[in-house]
Amino acid sequence: MEAFSDGVFAIAITLLILEIKVPPHAGDHLWSDLGHQWPSYAAYVVSFLVIGIMWVNHHTLFSYVVRVDRTLMFLNLLLLMTVAAIPWPAGLMAEYLREDNASHVAAAVYSGLMVVMALNFQALWWHVTRTGHLFDDRVDVTAARATRARFALGSLAYPATVLLAFVSAPLTLAAHGVLALYYGFNQLRIPTRETV
Amino acid sequence: MEAFSDGVFAIAITLLILEIKVPPHAGDHLWSDLGHQWPSYAAYVVSFLVIGIMWVNHHTLFSYVVRVDRTLMFLNLLLLMTVAAIPWPAGLMAEYLREDNASHVAAAVYSGLMVVMALNFQALWWHVTRTGHLFDDRVDVTAARATRARFALGSLAYPATVLLAFVSAPLTLAAHGVLALYYGFNQLRIPTRETV
Amino acid sequence: MEAFSDGVFAIAITLLILEIKVPPHAGDHLWSDLGHQWPSYAAYVVSFLVIGIMWVNHHTLFSYVVRVDRTLMFLNLLLLMTVAAIPWPAGLMAEYLREDNASHVAAAVYSGLMVVMALNFQALWWHVTRTGHLFDDRVDVTAARATRARFALGSLAYPATVLLAFVSAPLTLAAHGVLALYYGFNQLRIPTRETV
Amino acid sequence: MEAFSDGVFAIAITLLILEIKVPPHAGDHLWSDLGHQWPSYAAYVVSFLVIGIMWVNHHTLFSYVVRVDRTLMFLNLLLLMTVAAIPWPAGLMAEYLREDNASHVAAAVYSGLMVVMALNFQALWWHVTRTGHLFDDRVDVTAARATRARFALGSLAYPATVLLAFVSAPLTLAAHGVLALYYGFNQLRIPTRETV
């Protein structure tokens, strides 16, 4: 399960580059055509961080999971479906970030997918902490359960980015970059018996 | 053999997103253009489930297989050839699901590939249970052989979807989603000596 | 080294499907448009077999290699460069197999790449049997060296397909399918001390 | 961490082939159209070597790293972001190498990415040798630190290729090929206690 998931993360993150196009027929104005494409680069960097950090957290969680039941298998498949979809809204952002109305739509779709991904990861964490027996013996299940409220609270930032999408699409993309970095430096900690 | 197969499953499932296009020149009607693309999203979700669940069953089977003969190697290569092809009929569905005559063609091709995949998996199961010695010692080979009739019967649903394709393409796609979920919740069980 | 190589094989084999296009604007003649694309399907099946069987032989070889020197690393990288390139001549075949002059060019390029791949695999085998110490202790190095002449002879079929390309492109593609199957059923055997 | 990184390297290297296009509507002049595409082939070969050799060095480094801290995780993610981006400047080179002004731009972008990649690898090496405790016990940390100056000096070749880009784009591409081969034959050596 984990090797398959790692594969999907690695492929999705590498496919992001296909959304940065080679400008056609640029002739003598290749520099300006490349500059004009800045939304592609921004969408690439932010989406790379988003998938990369999500992978780190997914990897941390699954390194403590030793049994997989059907619900977990199914929730994980849904999470992968969301992660693997990220190149598409990244492409939307790349295409429409510099347009007026369309930029808000693109940003809302991007943020919407992030909401679904965050909810999905929540559901996965909820299921693993609720059942308890899927965890490795090292894990302090009671302490893990206690993290749920704080963890859910942290995810409220994602619905907020949907609202932000209607204010400014570039700001929304920046916000997703900041959120990814925040979760990169405040990674999921699985409480173990030793640490309690 | 298994790491290679897992790689092909993971890549095929992640390439599906390339069939969801970024609408070009959408301008102010990006919302409606995105809505218009609903067949892409439906084909993505269903095909993701199909490949994901097939991977789970493939993985379960191969976790009990400890020897590989040439026939098994060859049957597995054919199965991977079918799985890796799924992004293409998924793209057909995405392109033609909203058209009249063409939608039936696209759905028939999609269903046809599913028939081939189901037959292939049957052949693989038949070969492994017939030879017996490819299995791990834990497996109850007699009981495994006894599952073949019931298993083959279950696969009759796939030819039925070819007929359904000529009635309604959206219904056909939905049927494949339901079949994937059904096999997700009624996964392949390999009878082991302890369970008999 | 082997996990990386397996990854490249798995990705190259799965990218082949991107060369089968969804016919655009097919309307009511989708069946005939799909039929018209038969070179795509043929190129997909043959190229899938070619990469799949090459992977089996590569995997067999490397399962007996326990040390990697720079030359082996470099020869392996060149082999992967050839394998990863196969989707491109497969696309050429798909595009030009039904045209007159262009079909010979496409078939010659396809066969040319197969010659390079066969030479590369020869060089790899030559290097590993010559040095000897890269092999696992199980391997009978003298017997392995003795296979080289017969093995090189077998590879003469590839230059012959370059000539065949100027006679008939469809026959050339069929020949590559037959060669892949031949090597699939007459796989590389590494002589071990027990078998001598 | 390492399996994920290996996956990204393997995918990025295999996606390079997508930058070699099948010439459309070539008719009877397919040979000359294929010849005309020589920049695609050159960019493919050089970029394949660049990613392949970088993978070898990355793999060597990580085979001596047994602990991962946040900084290392982050620096590695940035390095992967650079490696995964290579298909894009490779595509730029393929498209514009035969044009006059645009070729210098494409070559400068290619070289610029190589500078970023080299700096990134330097930062990774600096961090791992500075902290020391992330290394395996076999590693002679003092000797590893002593390599830093020489290692940094070697990387000065990359900024030089940015200047070369404004002289000649084909020469720049050739220089990157030579640099990759140089680093392939003078790989990163991690000093171990035994070798001191």
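Lettered A, B, C and D in written order, each chain numbered from 1.
Here is the rule we use: a residue touches a chain if its C-beta (ideal position, glycine included) is under 8 Å from a C-beta of that chain, and two chains touch if they have at least 3 such contacts.
Fair warning: this is a prediction, and the values are worked out from it, not measured in the lab.
Visitor: Which chains lie in contact with each of subunit B and subunit C?
Guide: Joint contacts: the list comes back empty.
Visitor: Taking all residue numbers at the subunit A to subunit D contact, is the shared part over half or under half, that is, same or different?
Guide: Copies use mostly different positions to touch.
Visitor: Quick check: how many Å separate the C-alpha centres of subunit B and subunit D?
Guide: 37
Visitor: Nearest whole angstrom, what separates the Cα centre of subunit C from the Cα centre of subunit D?
Guide: 26
Visitor: For subunit B, write out the residues touching at least two other chains, lowest number first.
Guide: Within subunit B, the residues that touch at least two other chains are 3, 7, 11, 15, 18.
Visitor: Which two-chain combinations touch?
Guide: A-B, A-D, B-C, C-D
Visitor: Considering only the defined contacts, which subunit B positions touch subunit C in the complex?
Guide: 3-4, 7-8, 11-12, 15, 18, 70, 73-74, 77, 80-81, 84-85, 87-88, 91-92, 94-96, 99, 101-102, 105-106, 109
Visitor: What part of subunit C is in contact with subunit B in the complex they form?
Guide: Touch list, subunit C to subunit B: 3, 6-7, 9-11, 13-18, 20, 22, 24, 26-28, 30-31, 34, 44-45, 48-49, 52-53, 55-56, 59, 184-185, 187.
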